[in-house]
Amino acid sequence: MSERKRVAVVAGVGPGNGTALAKRFAEGGYAVALLARNVSQIEGLAEEIGGKAYACDVGDPDSVSMAFGAIEVDLGPVDVLLFNAGSGVFKSVEEITPADFEAAWRVNAYGALLCAQEVIPGMKARGSGAIIFTGATASLRGSSHTAAFAPAKAAQRSLAQSMARSLWPLGIHVALLIVDGVVDMPRTREAMPDKDDDFFVDPAGLAETAWFVVHQNRRAWSFEVEVRPFSERW
Amino acid sequence: MSERKRVAVVAGVGPGNGTALAKRFAEGGYAVALLARNVSQIEGLAEEIGGKAYACDVGDPDSVSMAFGAIEVDLGPVDVLLFNAGSGVFKSVEEITPADFEAAWRVNAYGALLCAQEVIPGMKARGSGAIIFTGATASLRGSSHTAAFAPAKAAQRSLAQSMARSLWPLGIHVALLIVDGVVDMPRTREAMPDKDDDFFVDPAGLAETAWFVVHQNRRAWSFEVEVRPFSERW
Amino acid sequence: MSERKRVAVVAGVGPGNGTALAKRFAEGGYAVALLARNVSQIEGLAEEIGGKAYACDVGDPDSVSMAFGAIEVDLGPVDVLLFNAGSGVFKSVEEITPADFEAAWRVNAYGALLCAQEVIPGMKARGSGAIIFTGATASLRGSSHTAAFAPAKAAQRSLAQSMARSLWPLGIHVALLIVDGVVDMPRTREAMPDKDDDFFVDPAGLAETAWFVVHQNRRAWSFEVEVRPFSERW
Amino acid sequence: MSERKRVAVVAGVGPGNGTALAKRFAEGGYAVALLARNVSQIEGLAEEIGGKAYACDVGDPDSVSMAFGAIEVDLGPVDVLLFNAGSGVFKSVEEITPADFEAAWRVNAYGALLCAQEVIPGMKARGSGAIIFTGATASLRGSSHTAAFAPAKAAQRSLAQSMARSLWPLGIHVALLIVDGVVDMPRTREAMPDKDDDFFVDPAGLAETAWFVVHQNRRAWSFEVEVRPFSERW
């Protein structure tokens, strides 16, 4: 009788980091659950990697609870949560609406809490697990044009710190990957046609770092790890 | 004919820092508007310092817009906004509810945006003004028992940074005071009866620092200034 | 019989911040001791403000010990030490020599220790005093062209933190002012003739902040305070 | 004809992290040069891992230049520099002597520069290479008892940042590992006999992280990576 596959959930699967994370963990032998608002956009990837796609709005408690309930039934308890949902407008405090500010927070911070709370009890019971958040430069500082996005990412980072401090001792590895650069995606390539490969963060590189962090020796864990193209100014 | 008094708004007036801020700015010659959810709790102070009390729930757009509208009519355009609203439960990620997380964010971060957006256009038009946020240790890091409060304060700090970067060049001084310690209030004294005076942050000290920052030479402005009792471990 | 004047030492007096600090503390009623390598360059200022000039190489233990010995005899025990010495080449790791690296450290970090150790015992005995370091943007991060200067300033900042943590509880206020911008001086004006006043940090503004920090209520002390022109990008 | 083995230098080989780094890179196929002040203490390890031991005082320019000269002759150009030298007394500003302060700086910061300058030109010419520093909690902040050690580590960190910013674009990966905890060594075990395994940083875990960072995809490089036991309070 075969052993159950370990289960990884990628919450927030777009064409960049989410896809790369899903592929890396599938390659590594995990059963991978993919979450996106629009399930039709991830079904192809799910099939390609032998995973399973779920419709989920990470900012909606009912939707999150339903998706994680289904994952548990379909694949079993979650070993690794890769919280990769993230979006936000790039505007200044004068330009954003309160609704922009709230929408960014709901996906990046509130959604992070909702998904985490779904998996913590099981990980705690088993004394192991990993919860990895995909952060951004904006997790670390607010710039003039990130009045909505940066506060949402800062809240996410602060939540991740709080979680790390209370969950690490229980054997649950909480970590934050800081993506400091422009991610290589069809959309960003189109928007910046004059940039060469080295300008862009390679999503496969991010995914490799996530894989490494998830499997680190627990007597030498990392919390915050940035990934940045060698050519980036910082 | 007398010149109009400068106007300071203290949003979030409780018995500690809010009261001290209101007194300091009244002493310094400002017309002070006090905002609190329950106006009956601040009417005495308003009378004492010759200010004016307004009922306001800083997390509610209509309430904020109504209060600032009334202030403008009653006292004139706002020169200084002292955003001091702040509250939150002190619990871990396992103990908080999503509602706790949202409530903390709504007061500390969303409310900060709502109040700021009320005063920015006028300050911009005049090319001067100051917006000071009262932060906390939790603005800087998430601890195990601040899973709701710290993300809210981190979002506030990030918003303040974003605002500083876009508004300083327009002559609007945005700053963040980090209160790192237990504020001296009847409630905290009661809870910690064995501590002596020196253990507690003196709200008058915080208010003096706020006053200084608001009136700094604009060719030598500060953004983030902590206040901490000399005896505090940090 | 007149009361003894309080004594402030400005270690490292050049035409910018050092001069402004000396003037501000003289104005505030302090007897001010000025220290510079070349005493002839500060004698005019000493006379102007009713202070006293001392030749001192802050990186040389004998010179420091001699200067502080003379100050104590001439003016009495030191109440405030304003450590403003600072210099460094602006070059990358490939361009600096080990001697550049050492020279920067010797003035900014080692000199800071030597001067501080001269005044700590007296301040401790009296249970009061202030030691303020003038830091720079480079105190916070190393840039490509600050391979010698930034490590020296980072060492100074770290020493200041260590000192604050051990000396604050004894009543000695250790603080660090971060000058984030180009200081207004004849030399910098000449080098950047196209910049207007608002581009430059006003040394008088820095000095005012130093004065404020030195006299803060000890139940609300600040450790790290930046000063930055409102128009600076950061 | 066999290809030349890649060369890794471990500068500062003691019984904890240095030994683990040397073993990991030897296992990974590198020719490993071991540097220590007392060569007799590392000859056994050198033999065990098929590496080569060199006497070197990293704070002495002549000694450094001689050691790296010999390495180049014996093993070829250096691909990876693992700067692991580090020591310091744990005392407060009142307890340290200027000599303690200087000695800590000379090993941790000045030595880091000397070793780095030996390998940079070759790495630059080849357009690749990695320089990894072993930092500590003290790299990030000065505590009351680290008045000598923390400033030295802060200087090292700042130098590493400066180097990263100028050398990454040339293809040289500069990174800093922050060891946040007590390293597992005979000496620390003896000093803390009541602690269990999980209390201590596993040097093999640090070495694994160093290995990972050295071989990261250059479009997703990390600069600062902490390693900390899951049970550590931080």
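The letters A, B, C and D name the chains in turn, as written, and every chain counts its residues from 1.
Quick note on the criterion: a residue touches a chain if its C-beta (ideal position, glycine included) is under 8 Å from a C-beta of that chain, and two chains touch if they have at least 3 such contacts.
Predicted model, so just to flag it, every value in this text is computed and none were measured.
Engineer: Using the touch definition from the top, what's the fewest steps needed to get from subunit B to subunit D?
Structural biologist: Each step joins two touching chains, and the minimum needed here is 2.
Engineer: Any chance you could check whether C-D or A-D wins on number of contacting C-beta pairs?
Structural biologist: C-D
Engineer: Based on mean C-alpha positions, I'd like to know which chain lies farthest from subunit A.
Structural biologist: Greatest centre separation from subunit A goes to chain C.
Engineer: For subunit A and subunit D, what's the span in angstrom between their mean Cα positions?
Structural biologist: Computed from C-alpha means, the inter-chain centre distance equals 32 Å.
Engineer: Could you check subunit C for residues that touch two or more other chains and list them?
Structural biologist: Subunit C, residues with two or more chain partners: 165.
Engineer: All pairs of touching chains, please: list them by chain label.
Structural biologist: Touching chain pairs, listed by label, come out as A-B, A-D, B-C, C-D.
Engineer: What does subunit D use to touch subunit C in their complex?
Structural biologist: Within the complex, subunit D contacts subunit C at residues 61, 92-94, 96, 98, 101-102, 105, 109-110, 113-114, 116-117, 120-121, 124, 138, 141-147, 150-163, 165-167.
Engineer: Flag every residue of subunit C that touches subunit B in the complex, lowest number first.
Structural biologist: Residue list for subunit C touching subunit B: 165, 168-169, 171, 173, 184, 197-198, 200-202, 204-206, 208-209, 212, 216-234.
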